[in-house]
Amino acid sequence: MSLLSVRNLCKNYGALEVTRDVSLDVQPGELHAIIGPNGAGKTTLIGQLSGQIEPDSGTVSLEGQDITKRSMAERVHLGLARSFQITSILPRFTVLENVALAVQARSGSSFRFFAPVATEKPLNDAAMQALVEAGLADRAGVRASALSHGEHRRLELAIALATEPKVLLLDEPLAGTGGEEADAFIERLRALKGRFAIVLIEHDMEAVFALADRISVLVYGEIIASGTPDVIRNDPKVRAAYLGDEEAA
Amino acid sequence: MLEVTGLTAAYGDSRILFGIDLHVAKGEVVTLLGRNGMGKTTTIRSIFGLLKPTGGTVRIDGQDLTGAEPHLVAGAGLGLVPEGRQIFPTLTVQENLQATATKGKWTLQGIYDLFPRLHERRRNMGNQLSGGEQQMLAIGRALMTNPRLVVLDEATEGLAPLIRADIWACLTRLKSEGEAILVIDKNVDALTKFADRHVVIEKGQVVWQGTTADILATPDVKDRFLHV
Amino acid sequence: MSVSAPPTARRPVLMSARIWFALLIFAGFAALPLIAVVTDDPFLLLIGTRILAYAIAAMALDLILGYGAMVSFGHAAYLGFGAYAVAILNSYGVTDLTLHITFAVAISALFATITGAISLRTRGVYFIMITLAFGQMAYFFFVSLSAYGGDDGTPLATRSTLFGSAALEDDRVMFYVALALLIALFIVATRIVGSRFGRVLIGTRENPVRMEAIGLSPFRYQLTAFVISGCMTSVAGVILANQAEFVSPAFMSWHRSGELIVMVVLGGIGNLTGAIGGAVVALLLEDWLAVLTEHWRLLFGVFLILMVLYSPHGITGALERFTRGRK
Amino acid sequence: MTNLFILQLLNGAQLGILLFLIAAGLTLVFGIMDVINLAHGVLYMIGAYLIATFAALTGSFWAGLLLMLPAALVVGLVIERLVIRPLYARSHLDQVLATFGLVMIVNEGVKILWGASPLSVPMPELLSGSIPLIGPLQYPVYRLAIIAAGLGIAAGLYVLVNHTRVGMLLRAGATNREMVSALGVDIGKLFSLVFALGALLACFAGAIVAPILSVDTGMGESVLILTFVVVVIGGIGSIRGAFMGALLVAIVDTLGRTFGPILLRYVMEPSAAGQTGRMLAPMLVYILMAAILFARPQGLFGQRTT
Amino acid sequence: QELPSASDGVLKIGLVYTLSGPAAALGTQARDGFLLAVNQIKEIGGLPTEIIIIDDEQRPDLAADKARELVARDQVDFVVGPIFSNILGAIHKPVTETGTILISTNAGTSSYAGAECNENFFVTSYQNDQNHEVMGAYAQQQGFQNVFLMAPNYQAGKDSLNGFKHSYTGGVAGEVFTELGQLDFSSELAQIAAFQPDALFTFMPGGMGVNLVKQYSQAGLTSIPFLSAFTVDETTLPATQDAALGLMGGANWAPDLDNAANKAFVDGYLAAYDAVPGTYAMQAYDAAQLIDAAVHSVGGDLTDRAALKAALHKADFASPRGDFSFGNNNFPIQDFYLVKAEKRADGKFQTAIVEKIFDDYKDNYADQCPM
């Protein structure tokens, strides 16, 4: 049984079919990349998987359980975490607090009114652990709003890690990072591979081909091809619709 | 036409720029390179008066516009494609293009020819566009102000390879039509195909500059400053 | 709706500075009866008690306004519930203060739960206005309540009793009871803000979508905070009724809700000490300016504008800049 | 009964138009400049006092109106420059506090300048009198004139905002001031203009009601809350919303007060109906608002923003 | 906790009136009326006089506080005021329970006239219902069969309609309660037009009345007799002007009453404030006269409260309204008139006596008063 399974998902905005009968399976431990031209509906698809956007029809199931009607928060508790294409953090919290809050969300009730949270060691330890994995440990005490763009992306990752996902949905985690930083990020993802399944949306083909176990190509709301990197790289349809000649070379 | 000397700037107490020198001549294509967080965007914001510089000067065609209101800078002939697109969410695509347009070479039709996708989506609200579509719109919007110097901050971020190639083609065309361009981008290789000069900044200071030929001749520039 | 609060990032020096300000204020209050004796001015205690009541209400409002970005424009309703709890129970011969408070809190919890659940569907200014709507409904309900004087309100025959004794009839006892309530509620509120719950609340203020994405749906937490705040405010209403020995729907008019917001913002939102300080300054200033000139409102308006323009984080902001400047 | 219904509908429309004139400025300033202006109500009051003064000076309503308009514009520009402009970048609550202060200043100032007693403005000769409707019912010509003037202004505003370059810039500036500016538009000037326009509309509304209502220091406050209700029901920033919201609020209020008790009598005994009707009548507008926001949290024509 | 009066030989009087907000005009008149008497008398009761003026802002809780401040901090001998019943409700207990004397110059709530009457509480105006009863009696006398009733939706409004019905037994065409502070009456006027009653009776004090009167004439309803109380008076006439001409009201006095005391009062007020005084001013003026007379008769000794109260109860002064005495409940026994708005020779407006409706009229609650 696949870990995350999507069946016949459809979503329209007026006359525009953003998601057209999309079916998709993610196996445990697999890194599944989704690529496709701008406006193909990738972010919208992630939105439907994570519960932010309600699909018109179709189902999403996690570990065999139908979660189509579950709220975003419920899905997180079931093990489905996401990062945002456009950075979404708590700007006035410190980096550590950002992550500690995510740890708190999955461990114990948040209806505790009296014990000071700042000194809860288990929370801070777990948060620190996630920061180490995301390569942000040295910035733990800094206000999140003062981070650079690349650091924001890493914080997004750390927050997602802290929720201890079974499936991690990453929407363009590399956007706006380049060079060394991008390489480091790819290494980080590689190290995480296998611990949980990852659905990765990315325009950086270097990263996609380096990391993905499987790639699905989404064009105008439809999956036109799905397979191993090699298969996709040489698929003429994909080359015409997305890759062009430059990247594939 | 743009001349920046000794520019310094800070966000509150944290100083970011420590004296940037930079100039772009008529019709020249200059790149601003540097790793993440080195102050590229901050440089652009300071030039446009979106952030008041703490020192140095910004001149456009000899006119001192240091820390001037952004609309005066834009009025002097600079067009901005900002980092993060910043298109107007409550305007349609077409209105986004028209709202700040000025008369000149670039017209609505010209933009639609350049990005047919925008034509298809012209009645969509700005916030109903995909990331890539928004990027196209941001470029189109800047061109519609008919600037003499286009400033692009990460204009190809989040774009599919095919579209990215389109943008490079578009920039090459702009250059051939005599427009000056100041461009920030991660894709140094693509930039070297059409840019004239390159400026590398690190920690708020210019650490290297030279022509495309220089960069190709000294491969360690890329390694040392850009790590690509 | 943008609510800009001072940063929550821990800055130990400032945090303790705020606690010091609070202690200073409490100490000042505690000394008031002494001052009243020395200056032979028993009236000071009455003003003091009224200020204490508003300080509680402002602090309670700040809990949701400053920390939860829920700007309630109907909070005076809870003042009214507290006040009418006293009047109504009194009229049935139930005069015990603890019972009055219990009743006020129960009614407020009920009202806050229902109206909060509906209001929280909205955001920003829409939230402001829908809370106003519920506040006004409560207001007009009491206006039409002829049994308790309707619009005219009704005087209280006696103050609440404290464990069977009429001790509260003594203005000093009344004052100290109010002060004790303020301090107790301040401690409670401070603990809440620093707790797990508080962190969720503040996180929701910062970025509700992000909260969803880590698995915390804001609604339950916001609603809980809204109810807590309403209940606290009703305690202020109980005090106010006893202080004035009179209750009237005027306690719950939208003007009063607006004044509470003014107090909180004037004090500096998102810090409990500020709310208390805001209430103190606003009410004292009103009293003093009124002595100076019949047109005191003009001066008060000028003061408000100058505060906003030159001291972005209200009174606490100004004090913090002052103390930091001296270090 | 139907006659009464028609008459009340007209009354509702007239009140609605008036509310719209005030609400339009508020919703523009709010939606475009993102400024909560509690002082919008006092602008309405200033309009009434200005025309009372000018009409008394010149002895003519029309001359008073003509003089009022530029004066109102100046008032708007001065307030924008002194108080509102420094608040653009500030939080809504700071704006609330400062404009609350402004309300206190203006109210007290008006009292100092014009005294506490209400003033009155004579009805212009041309528009006085009533025209017969059906049977014994008559309707004042002046109120019809208000309806006509309001409709004209509504149409003009709609075109301005939705179909002109200025309108586009206004909407663009509403979401991203910095970017509009970086693309070469002097947003400061644009905003001053919007504020002055809003002030002008509010003053105009105040001026045209002066012959029907007394001119007193409390008039701004009583209208402010109602105006906010209208803006929120319609959806912030939406001219169309303000129009529909104003009509809805006015008609529900007018009809509800008249026919509510009558309807209640069908379901309960007369004395209880009277009691309940009296309790519900003033709540009606608020119940309407709560219900609308419950169903549509962003108002009728508002953009959903998260 | 009865406070001893400060026997410092200074007469201290606190005035509590609504001096801001929409109803400020009423409080201002009352204050001015009182101060006029003070200026004419100079030393009230032969004592150096100190007046403290308080604005209650029409907020009961604030008023209660201010009243306590007057009593506890300033140790005044008399508190005079207020305009509104709800303010009276708030300050009554704090003032009277300390033994300080409270003189209401306008609000005359029924409860304080009846069972809750108080030896420290005097009223120089009327019991609230009385003016309404005047209009009811007039409607009855005219033989109206179908009167439309309208009042704001608050306690005093409800009381007013009951007062009217107390002396009117004819039919009621409609009974409408408007929102307190309502300014546009188009919807109610439409109903009146539709019902075509014999007359309208209304109680619309302050700004509400101004608007109603203007809109009444604009709606072309002037053919329907307009009976009112506290609606057409000297505080609203400057704003309604011609629109109010001919509209009728009930009152205990009018500026044109022909007696020496009234002439001194009206002329003095006109000279001092360039405005025609209304009942609010007259009743406050009388409060000052009342205090003056009483303090004189006890020889300036403010410490003997019993004697002072007895002296007050005698009401030994010349009121501009002529006959004036106190009933057992310390509420006035006086004449009531039908009055009508008219234009004066000097271009100002005033109410003028049409006919006397009640002679030496006592309120209906006095019998319930145990005093």
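Think of it as A, B, C, D and E in the order they're written, each chain with its own count starting at 1.
Convention: contacts are C-beta pairs under 8 Å (C-beta built on N, C-alpha and C of every residue); 3 or more make two chains touch, one makes a residue touch a chain.
The model shown is predicted, which means the values in this text are computed figures rather than measured ones.
Student: Using the touch definition from the top, list the chains contacting both chain A and chain B.
Tutor: none
Student: Just to be sure I understand the contacts, which chains border both chain D and chain C?
Tutor: Touches both chain C and chain D: E.
Student: Which chain's C-alpha centroid is most distant from that of chain B?
Tutor: E
Student: On a CA-centroid basis, which chain has its centre farthest from chain D's?
Tutor: Between chain D and the rest, the longest centre separation is with A.
Student: List the centre-to-centre spacing of chain B and chain D in whole Å, with centres computed as mean CA coordinates.
Tutor: 44
Student: What whole-Å value do you get for the distance between chain C and chain E if each is reduced to the mean of its CA atoms?
Tutor: Taking the average C-alpha coordinate of chain C and of chain E, the gap between them is 37 Å.
Student: Do you know which chain E residues sit against two or more other chains?
Tutor: 19-20, 153
Student: Could you check chain C for residues that touch two or more other chains and list them?
Tutor: 143-144, 209, 297
Student: Each pair of chains that touch: what are they?
Tutor: A-B, A-C, B-D, C-D, C-E, D-E
Student: Which chain D residues qualify as touching chain B in the complex?
Tutor: My answer: residues 165, 168-169, 171-172, 174-176, 178-188, 303.
Student: For chain B, which residues count as touching chain D in their complex?
Tutor: 48, 50, 69-71, 73-75, 79-80, 82, 86, 88-91, 95-96, 98-100, 102, 141-142, 145
Student: Under the stated contact criterion, what part of chain C meets chain D in this complex?
Tutor: Residues 1-4, 65, 71, 118, 121-126, 129-130, 132-134, 136-137, 140-141, 143-144, 208-209, 254, 258, 261-262, 265-266, 269, 295, 297-298, 300-305, 307-309, 312.
Student: Report the residues of chain B in contact with chain A in the complex, numbered from low to high.
Tutor: Residue positions touching the partner: 14, 35-37, 83-84, 117, 121, 128-133, 135-136, 154, 157-163, 165, 186, 226-228.
Student: Going by the contact rule set out above, which residues of chain D touch chain E in the complex?
Tutor: Contact set of chain D toward chain E: 3-4, 7-8, 11-12, 14-15, 111, 116-120, 122-123, 128-130, 136-138, 140, 142-143, 211-219, 222, 254, 257-258, 274, 278, 281-282.
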